[in-house]
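Here come two complexes built around chain A, the first alongside chain B, the second alongside chain C.
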Partner chain A sequence: MSRLAVQKTLKMYVGGKFIRSESGRTVAAKAADGSTMNVCFASRKDLRDSIGNNRSSQPKWAAMTAYNRGQILYRLAEILEARADTLPAKKADVHAAIDRAVHHAGWSDKVTAVLSTLNPVAATYVNYSLVRPVGVVLAVPHPDDGLLGMVEALCAAVLMGNSTTVLVPPASAEVATHLMEALATSDFPGGVVNILTGDIPGVLATANVHDDLDTLFVTEGVLEPEVLKTAQIEAAAVMRRIVIAGRAAEPATPAHLMRLAELQTVWMSAWEPQGGAAAY
Partner chain B sequence: MNKTAPKKPELQLQGALDLSPSPESCPVTFRERYGHFIDGKRVAGKDADDFDTLNPATGQPIARVAAADATEVDKAVKAARKAYDKVWSKMSPADRGKYIYRIARRLQERSRELAVAETIDNGKPIRETRDVDVPLAAQHFFYYAGWADKLQYAAPGRDVRPLGVAAQVIPWNFPLLMAAWKIAPALAAGNTVVIKPAETTPITVTMLTEIFEEIDLPPGVVNVVNGAGATGAALVTHPDVDKVAFTGSTGVGRIIMRAIAGTKKKATMELGGKGANIVFADAALDQAVEGVINGIFFNQGHVCCAGSRLLVEESIAADFLDRLRRRVSTLRIGNPLDKNTDIGAINSAEQLATVERYIAIGQREGAELWQGAACARPDAGYFVMPTILTGVQQSDTVVREEIFGPVLSVLTFRTPDEAVKKANDTEYGLAAGVWTEKTSKLFDVAHRLNAGVVWANGYNLFDPASPFGGIRHSGFGREGGPAGLMPYLEVR
Partner chain C sequence: MPIPYSEGERRRWRSARVDNASVLARTQRAQKRSIKTESKVRLLKLALNMIDLTTLEGQDTPQKVAALCRKASLPFQEMPDLPTVAAVCVYPNMVPHARKALGSNSPVKLAAVATAFPSGQLPLALKVEEVRKTVAMGADEIDMVIDRGAFLAGQDEKVYEEIAAVKEACGTARLKVILETGELGTLDNVASASRLAIAAGGDFIKTSTGKINPAATMETTLVMLEAIREHYLETGEMIGMKPAGGIRTAKQSLHYLVLVAETLGAGWMTNEWFRFGASSLANDILRQLARRADGHYQSPRRFSVD
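Up next, the complex of A and B:
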């Protein structure tokens, strides 16, 4: 006699908790084995909650040592490795995603050294430019990049000290759920990475008018040109950064990661304090 | 015990420090009319919509200026495209660098003439154009000239390419210097340029085109179109432009970003600011006074990164304000060509009205007004006395909005945390200053300020090796340093 399986509704992940949509809405999507799964469907309020949660979590994440953040990213790879056989995706794809997490984990305590500069100014100041997080990032990986796309996007965002909401369509929910469960057990403080499943253009319409979202980080080809154009027009209100990333086959390089950061230049007085450029 | 403190002797400096006038002689011959510079040729431009550029210190016209329409902008972009395809991208990087070095040298050689012309067209004191604007502009070309054959080191491990044609729109507050900030990195990275100076300050950029002629810069590598908003709109929306670089107000920055949405154009936005200058009780107070003055009265406060909010520790606020007012009372306002002048003219009647409107709003919202200088405000031209507004709060208009004039709003704080919180409580994030002699506090506070540039015991310092630019509503992209190349390169 065949056993009656337990069905679960695939939830979303916000603030370190697995949540249903506040709207209670779910949609049906096809699982890898051909069965039908029910997936929570992000509402406008779910996005606002997630962004707010990202905002309050970001300073603490950025204040952790780069060494510690790197260990947590490496821990994500360890957890994914342990679950590799259970993931509903091709082995090679899963392994690529795990290796990507390891790759970016290694950048955590090095990328600022590559991107920062000591600037030889013609004044008695020690002048340096250092890399700071841009803040809260909404990441939209390409669904065709599967787990690798999600891992690439979230690693790029958080290794620069940002917090992020990763937005995926319901069809990606099965893989995303495995990622959420790995995130939940990999020592990330709650709210550093949130994952929402929903209608991408629909959720973006809300993100576009959210004044406290710093960066929209989208993979090329994931948005229709008109949707991207609308996002760019709306971004102008708050000078929101829009970063278009390449597909996930190649990891983001430091020059690309810099787009998820801000350069801060400090003129540190090295001799006696001076009035400024034009002595009065 | 006497309960009332003895009255401090007050300096009465108005009229007490009369100096003989010491105007810089004028080695500049202005043309009657300025057109455009397209494909290496001086183009007269159409008479329609032409306009006057004025000397803001007198209000008198200097010359007529043509306004480029869409057809002329198109010619300039086509010239830049042709020069990019046929000449500039084919040239060896070392030779590109050598052209840029030539520009730097000629700028130095013509520095006095450029300083005088800038002062007459812009209204800023000759002391600043002579010591800051022109030397820094030359230094900028020198700096980026050296990058031209070293681009592969700007993004180690990656292949970098120029973008193509850069459209650049610059403001009136540092006309020549902003042109240098825009043109030098664009050319060094291998791009060609179409640049539009501000409509109130077209003259020094036109003189720069004379330098391009003198140094035999290939035609079309840099093109200049004069005009106002319509010309700028035609330029940034031109379909054959690959890169848009803008310095100006956040409002116009938004218009440009909306206009280029949906295109592949890369953008750099260097926008407004409301810089906080934080003075702790343990600062070197007299130097901090100089820094606060330099922060807000340099260039009449027409500085996007101006330290327009003074945050002073409450325990020394009264004493510090006394010192500040006393020092401001020695500043000389007047003829910008006079070498003794500290405070020159406001750039235009429109900007004068804006500054005066903000001062009125500040008073209406409860601010206490103090204005002073060592001499009276000139009768002719556009001038605003150095202004200090006290008794203001975080929510006041003069604390939140960029005034772009010689108006300082003063707030107090009690703890470093409160200072940081107030400093960061703004939509902007361009620049900030912090003053203390305690090194640990200097580092701690400097690194907690949300601004693209932080001056620790200094203010309004600029250097081509030092990346400059904002966060949040102050825009994005950097100018200066290796970071200043990146907006003009594609990283593969």
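Up next, the complex of A and C:
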């Protein structure tokens, strides 16, 4: 006797929870096996909730040690590895995504050392420039990059201590759901990575006028030139950064990651009251 | 004015039996109401105008209170046409500083907590003295706490007399009676305490001090609104309501206004009869209003904290 399979509506992932759209809206999309799946469709309010959630989760994530953040990224790779066979994607693509998570996990506690500097000064103090997170990042990976694109975008965004909302189209929801389930079990504090499924230009129009979003991290080719231009104009009004990343085949370089961070320059007195090195 | 009461009436107050399931259902219905665009803006402005902007911390300084008063008078510099909040609410020692900052003609009222806030555990004579001094220093409104210990021990007479004595000490100042519903345990107790506080002469009944969790909830607010309605239907006298503590978002404030409008009607939809005791609510309301005004959803960092 044939069995009636249990179907699910593919949900979104915000604050460590699997949520439906606040609007209740779903759209139909094609699954990998040709069947139809129902996918939650992000509303304007969903984006606002997600950004608010990112904002409140970000300080705790940034305060964790870079080593600990790297461990959590590595854990994500472990979980994805265990599910590799169940993902509706080519084996090679899944493995590339897992390897990418490991790649960034390794960078986590090294990238700040590479990017921070000890600045030359002409008096008796030391002057450091330290890498600090920008805050909340909206990441838009290229749908054609599949799981690798999503993993690359979220790793790059959170590596510097930011929190992120990753925006994917409903057609990518099946793979995204696997990623959400991996995130939910990989020790990420809730709200550090949120994933929304929705209409990319539509959600972006809301993001453009949301002043509490610090950075837009988009992969090249994912936005129409007109849409990108509007985003740039709105971003300029509130000093929001727009980072355009290359396709996911290559991982973000430290120089690229620097654009998801800010430099904070601090000085410390090197005054020696007993005399000695002081010479001015 | 305090109403003398008989033992029979006291028993009737105490016999309040609240149907918890219906209260929950009604509050949930109120939260499903959709209020959009112009109606939303109107209600948000009204809610802003109903706020008792509060700072009740050990670390309050005259300067912080002065800043709070400036914010109360001009909530958001970029939108000078917005209404002021209803009042600032401070500790008695801060009353002279607040009075100085507000001036004597301010549309913003000056409320002060008194009667050994937040516990209320002090002899009555000292409480009365505290209230007298606070009013003399310039407070327009007094937020008193009831002695929850006495109420829970069944000493209604003591609670009643304290409220009546404080009311007398208030003179022309309006009296808000804090029931501290988070410590009363049940909605039945909330209903009984509300009736008692109204009979003893409270001008307002108020849910909480903000120092205890849970603070204001929609359920306790509804029960208190019903007590006010009951009193109004019996005597024709209006009593004010002030939920305080835990109301942080503009959306929550709209839900509360729905409850008020549906339970008590339009007569209560003014800051003379309804207040929100809150500190962070004002900023969220301003954020929503600014979003309506220029289309941009503002960062919370754009608004002053106090």
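What to note about this one:
Assume the second predicted complex is superposed on the first by the 271 of 280 C-alpha atoms of A that agree within 3 Å, B and C clash if a C-alpha of one lies under 4 Å from a C-alpha of the other, contacts with A are read in each partner's own complex, and residues count from 1 in each chain.
What we mean here is this: contacts are C-beta pairs under 8 Å (C-beta built on N, C-alpha and C of every residue); 3 or more make two chains touch, one makes a residue touch a chain.
What you see is a predicted model; the values in this text were computed from it and never measured.
After superposition on chain A, the partners chain B and chain C are accommodated together without colliding. Of the two partner chains placed around the shared chain by superposition, chain C is the only one that A:48 touches, whereas chain B remains out of contact. Of the two partner chains placed around the shared chain by superposition, chain B is the only one that A:127 touches, whereas chain C remains out of contact.
Touched residues of chain A, counted separately for chain B and chain C, are more numerous for B. Applying the stated contact rule after C-alpha superposition, one finds that A:225 touches chain B and leaves chain C untouched. Look at A:265: by the touch rule set out above, it reaches chain B but stays clear of chain C. Using the contact criterion defined above for the overlaid structures, shared-chain residue A:255 touches chain B, although it does not reach chain C. Using the contact criterion defined above for the overlaid structures, shared-chain residue A:209 touches chain C, although it does not reach chain B.
In the superposition on chain A, A:82 makes contact with neither chain B nor chain C. Remark: in the superposition on chain A the angle formed at chain A by the CA centres of chain B and chain C amounts to 80 degrees, rounded in steps of 10. Note on the superposed arrangement: chain B and chain C approach each other to a least C-alpha distance of 5 Å.
Overlap of the chain B and chain C interfaces on chain A: residues 238. Only residues 114, 117, 119-123, 125, 127, 129-130, 134, 214, 225-226, 228-230, 232-233, 235-239, 241, 253-256, 258, 262-269, 272-280 of chain A touch chain B when the two sit together in their complex. Contact residues of chain B toward chain A in the complex are 127-128, 131-132, 139, 155-158, 250, 253-255, 257-258, 260-262, 269, 271, 283-284, 287-288, 290-291, 293-295, 297-298, 331, 342, 427, 435, 437, 442-443, 446-447, 451-463, 465-469, 471-476, 478, 481-483, 486, 491. Those residues of chain A lying in contact with chain C across their complex are 48, 55, 206, 209-212, 238. Touching chain A in their complex are the following residues of chain C: 295-302.
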